[in-house]
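Chain naming follows the written order as A, B, C, D, E and F, and within any one chain the residues start at number 1.
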Amino acid sequence: MKDKLVITSSPQFHNGDSTLTVMWSVSIALLPAVIWGVIMFGLSALWIMVVSVLSALLAEYLLNRVYNKSTLWDGSAFLTGLLIGLNMPPDMPGLAWIYVPLGASFFAILIVKGAFGGLGNNWMNPALGGRVFVFFSWTNHMTVWEKPLVDGVTGATPLGGVKSGLLGYSGSASNPLDLLNDVTNSNLTYLDLFIGKIGGSIGEISALLLILGAIFLIIKKIIRWEIYVPYLVVFILLVWCFDGNRFGTGLFTGDILFHLFTGGLILGVFFMATDMVTSPITAKGMLIYGAGCGFLTFLFRVYGANPEGVSLAIIVMNIIVPLINRYTKPQLFGHAKLEAANE
Amino acid sequence: MKVFTKGVFRENPVFAIVLGLCPALAVTSMVWNAIGMGFGVIFVLVCSNLFISLLRNYIPDEVHIPAYIVVIASFVTVVELLMKAYLPSLAASLGIFIPLIVVNCVILGRAEAFASKNGPLDSVLDGLGMGLGFTLALIAISLVREVLGAGQITLFEQGETLVRIKLGALNDNPIRVFAFPAGALIVMGYFKSLFDNIMKRSK
Amino acid sequence: MKLKSFPKGGIHPPHRKNSSYSPDDLNASLPSIATIPLSQHIGAPSKCIVKVGDTVNEEDLIGEASGFVSSNIHTSIPGEVIEIKDLFLPNGRVCPAVVIETKGEFSRIGKSLEIYPWDDIEKEKLIEIIKDSGIVGLGGATFPTHVKLTLPEGFELENLIINAAECEPYLSSDHVLMLEFSREITTGLKILKKILEPKNIYVGMEVNKKDAGDLLTKTFKEENLDASVVLLKNKYPQGAEKNLIKAIIGKEIPSGKLPLSVGVINVNVSTVYAIYEAVCLKRPLVERFVTVGGGAVKNPGVYRVRVGTSVRSLIEECGGFTEEPEKVIFGGPMMGFTVFDLDVPVTKGTSGILALTKKEVNSARTTNCLKCGRCVDGCPMGLVPSKLFKLIDHNLCDEAVENGLNDCVECGSCAYNCPAHLFLVQQFRAGKSIVRRSKGAK
Amino acid sequence: MGSIILGIFIAIISIGLLGAILGAVLSLASEKLKVEEDLRVKELEQILPQYNCGACGFSGCSGYANAVINEGEAINKCTPGGPELLESISKLLGVEAGNLEKMVAQVHCRGGEKSSVDQYKYSGISDCNAKYQLYSGDKLCKFGCLGDGSCIKVCPVNAISYDEENLVWVDKEKCVGCEKCVDICPTNVMKMIPYSADYIVACSSQEKGKVVKSKCSVGCIACSICVKKFPEAGFVVDKNLSSVDYTIKSDRAPVSEACPVKCIIHPYKETKDN
Amino acid sequence: MNKTINMAIKLLVICSAAAFVLGVVNSLTAPEIKKLEEEAKVKVLGELLVKGKADPAKEIFVENNEYVSSYFEIVDNGTVIGDILYLKAKGYGGMMTLMASYDSNGDLIGSVLMNNSETPGFGKKAEKPDYMNKFKGRGSDSNPLPLFKYQVEEEIDTVTGATITFMGVSSALKKGSDFVKGGLK
Amino acid sequence: MGVFAEIIGILVTYVLVSNVILTQFLGLCPFIGVSKNSESAIGMGFAVTFVMTLATMFTWMLYNWLLVPAGLEFLKVISFILVIASLVQFVEMFVKKNSPALYRALGIYLPLITTNCAVMGIALLVVEVEKMSLFNSVLAGFSAGIGFLVAILLMSAIREQLEIEFVPKGLKGAPIAFISAGLMAMAFMAFDKALLMNLVG
């Protein structure tokens, strides 16, 4: 018999989930996409991810030293670094493969997260904040895309190809995939898009593997349908309604599959928009947030200057989250009646 | 002397009182712009403080704000016209922020708080100190921003004359966000924090 | 059939109930020394009417109710008072306790008891008997029952709800009670019906006790009692008063009001049994059903235990510990209290004694709040626990009250769900105490 | 040349007229639309710096002045004004707290890891009020400082900190006497003493000496040596606890020496290094 | 009422004094500012010329044209051999102003990006001379101005601000060429 | 359609794309000063919108009907600020007299607006730089005010949340507000002119 029993306040037991399990589960769910990225783009992709993860951990370590905490291995810094790595283009010129991911990770951990007091207190998704930071800082490095499976040859991402293709297009293609094939002299099918034999960020290309990871998280109850379902539904609806306009085929002809499998949508929807810290706290708020993300993604992607809009859409919605939280408080039990009685 | 020095540090308009932020952040992407803006503000501040201090017993209370503003606005216009005539490229890059000196709350604030209650000499000193504090703050912010955001330090630029220090690799691939509004605000946040901590220590 | 439940919040902890028992071996052995606290109820502590050296008989009064909201205390064993000392109750309060060493004969135990007819006793007299017998709410709140049963003048009671939900994991004392004593419970209900004259009587229980429900339905029919058993979803906190009422009759009790405000009185099923004993057997409340469980106990089970029995002897009776427990808990794991030594006695309010292993406790280091919203999902009261937590942490207790701090029922759903392992409920208790103190100061 | 003079002339006329018209309109309006105002608000507004910076959390200086006069807002919210302004406001409003001696807070307990006995192993929030919910804290002595520093958190001027023995202690130079720490402390070991207080009885236990001794090595055991041996030093023993009557001025250093458990101590010597 | 008049007069005096000061300063600086503007214009016009002359004072304004705001004629030995156009273009950061010179066939002689708020490092590259060199000498029907970036570069770059700037510049230059070819209408 | 698109264009431009605070650096002092809680942020936002709309209208008329015909463009600063200051003061007095309720909601923010460079800045921008028509100018002034309102409302919600987060001591208060504003500005870079042009042509 121990001399002293542990005294705690109720409840005395717990369902067993912890920050640790949440963070590492998400990291594990991303693993297939990581491996696929390395297979498709070679070692350069691996090195970029290593740099981003290590620098994220280093930044977290520095923060821990300053604030005297020990959160290095709670998985959040690792996950942030990993997400940043997955959002990087697979190859960068010169030393850019070191300083771009490093800058993104440092900005993400030290400023987007650290300045607010570490995990849980930030209102902007650190990984996306870091990514957007380097995107606007070193746009030239962030928009050069290596072709999969061939080293050193750059090509366009599907969305980028469509966007620049559209600007001067005079051919006859009436959907994005045909147009892409036409402009880039390639022969891609929807299956290629789905499996991920396309150009893009390291981790965004394979919709299939990302969906597998997402299913894992759904089973583990880590990501919430209140976010990703409205996100997808609103985005798909808007694309279906209006994207056809760009190809001259009118309303309700948008190519849903093409938009679904390209431009990091799956990565964003399941792994970044669902970030617990920067999404609303109530189910109602999550629905609004998810729908807003879907709308903005559509807006930026179809009408914006940049070909993909997932990261920007999510961080713009991050700004609104505190306001959503403010106005979507749940109804207090026993208060509805009280107000009615007072009237 | 105290009247002069307090504006430089202890009551620094930008860092301590957080006034005059718009120009402090908008024009600080280049050191030269900061210097130019700083001197414009010093000029307006000193002159308006002097005149308001001289006129303080003549201006009726009910219209003191319009009256002060007229005085300030005249000097702002003087600065604008002079700058356009003799430093056109600076005028172009400062753009709308020269006329906006008129609504810089530092100036009206000093007029209300100090010049309208003190003699001309003190008021001039106060204006000088405050203006200098403002300029120093601007230069500090702009140094960080230009080094990070453009990898260079521009000390003077007019026509063919250009004094600019380029910083090698950083100049080729600068962290451009620091040249944008976003970077300005973030830099300002850290400056403010740093300043607060120094103030706390020195107390 | 669609099961009823309260609309929002709630969690699904593992049941881990073990309702196996043998009807012959239901009684725990009698304690040689009983420590009987003089405050086993909400309200003023009872006044001690014995002194060291006194000899008491079984079921003698030793503490007298010291006010209307107070209750009598009886000794559970005959013997000699050897000490009166201050004692920490599991809920953290200190109260004097009478220590009695067994001496002399048990006058009633083991003997078949005469069943007194109660049909002729008047309403007021019945309440008097209940008061004298020291009956309190046995669900855990230990509110003196006679106070609850005293209706305002001219008040017509709509619904009487019997709480047999027993939603806490591990606990199965009520389940066993219902299986064994359905007839006695029915009689107790009839007594209550006479006192309260309700229009409807519902017995609410979670669907995992369906066998007991079926038995009760059958017995009600046999005994001609117009009462219905309502099966509810297995969802915690189904047994919380407000949620149970919402689930069964669909009415929300306004914040800060009693169930009476929606025409309901809510009585625990164990209390009903105690009422039966008090009225029909003339027996005060000196024993109750206690679940002894948890992974660290060798032979968990349900026992009828005398008030004053120490945890130590009870656990020894269950074969002792299989491994060192991390925590020993009075009550269920969701709302129960940990104790720091094993000499704490069972009181009227003790529904279970659990010795949990480290693995069952599942504790982890707390981290910052992740704002995941699981606490909001879990909260049956519609609060935003994470926000309340932070408000209290920043000493903004008044704002926390505006955000519903006082509506918190401390059910623990939020903390159970919290992946950051924040001590949410503890923070709310601290916040409430600060608010109370500052109100008192004003 | 003529055109320049003409230009200047037009400028003078138009702007002068504009000014005159606006001036007239404003002064007329100020008379026509006059609303009676509290004179004190006006006066207070006059001495505020007029930065209208909003640092006080109100909309401009007039908003703040209004809040001070009509809503009893604290007068120390104007950061740009600094201490001088604070002084002039208090002069104007006469809210100076008279000539009463400044009171400061101090912890009346020195029981720490080394000296006091624990009752159980605590796991939970590191906060006194939270800990107090569980058997009134994990110390065996229920009158002592729980040491989780709730007072440190509420102190607006950072006057409270852990000293070198890891015990909570107040720096009287920093303390402004707001009593926030006294309000938050669940065990009431934080008590107000006069700024000039030289010695305190650093214990709050009202238990009998023997009990105290079993729980803590630096607790007051109510031996009454301080009362009996030094009758003029102003010590009083009540409810098994000694306390100081600060109205009596006397040299209490020898009392401190004589205390067998050394719980009569100088309240501020620990903060010298700060 | 007296008070009102008093205040009005005081403001009148202050305003008048201010206006006087400003008038004087303006009269001193105005010629300087004008001179600077002229110099700038002359300098750009000079840069855009290969031969011949354009008179900065003879600016011909064009109404109701989406792209061309005004133009100067290039005169060589008394004959008009081309035009210098003020062009408006839409860029990434909003409106841009271009000056471009064409010979009478509509071939581009030179062009300069004037006012713009393009992103530094991207659209701003268009300010550099070699950016504009890609367009030089093109414009006639046989050698049209490129409208899309892939027509002058081997590979398609992804769309960023830079491409939008390119589109803005190229389409404005093309419209300018058409304007010259269409007989300045 | 054309007019409609133009109106939408101006609205979107000044609310999102050229947000006065986040991209133009105008009106930062009240943005940091009055964003501590949502109620005052909303009050300030509406007060600014109101004054901005009126101010652009009056300054436009002054500039195009008086200063330009008389060749007195160089006097724009002095005359604009006179008009704005008097306008603010007049509005304050008027509201105070005629609608005490409105004054309680808005009035207390009015004195702050004289030195809000957003008002003056927008007036100068639309009149001098963009050279818009009267209707468009007023609309731009109104939209810029709404832009201010949106930014300050979002900011106040973020700050209210940060108030109860565990922000490091050194960064609490104004510094973290600046950093938040910086991150907001970074996110608002998503709304670029190209987006606007693609949407409304």
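The working rule: a contact is a pair of C-beta atoms (placed from the backbone, for glycine too) under 8 Å apart; a residue touches a chain by one contact, two chains touch by 3 or more.
Keep in mind the model is a prediction, meaning the values are calculated, not measured.
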Chain whose mean Cα position lies farthest from subunit F: C
Pair exhibiting more inter-chain C-beta contacts, C-F or A-B: A-B
Whole-Å gap separating subunit D and subunit F, where each centre is the average of the chain's CA atoms: 40
Whole-Å separation of chain centres (CA-atom averages), subunit D against subunit E: 65
Distance from subunit C to subunit A - Cα centre to Cα centre, in angstrom: 49
For subunit E paired with subunit F, centre-to-centre distance based on mean C-alpha positions, whole Å: 30
Subunit C: positions in contact with at least two other chains: 338, 340, 363, 368, 387, 393, 423, 426, 429
Residues within subunit E bordering two or more other chains: 3, 7, 10-11, 14-15, 18-19, 22, 26, 30, 92, 121, 161, 164
Multi-partner residues of subunit A (at least 2 other chains): 4-9, 111, 115, 117-118, 120-121, 133, 136, 139, 305
Residue ranges of subunit D touching subunit A (in the complex, touch as defined): 118, 120-124, 130, 133-135, 138
Parts of subunit F lying in touch with subunit A, wherever the complex brings them together: 38, 153-154, 157-158, 160-162, 165-168, 171, 176, 179-180, 183-184, 186-195, 198-199
Residue ranges of subunit A touching subunit B (in the complex, touch as defined): 96, 99, 103, 111, 115, 133, 136-139, 141
Partner subunit B, residues of subunit E touching it in the complex: 3, 6-7, 10-11, 14-15, 18, 21-22, 25-26, 28-30, 32-33, 36, 120-121
Residue ranges of subunit C in contact with subunit A within the complex: 8, 11, 13, 169, 242, 246, 252-257, 321, 324-329, 333-341, 354, 356, 360-365, 367-373, 376-377, 379-384, 386-387, 403-404, 407, 410, 412, 415-421, 423, 425-426, 429
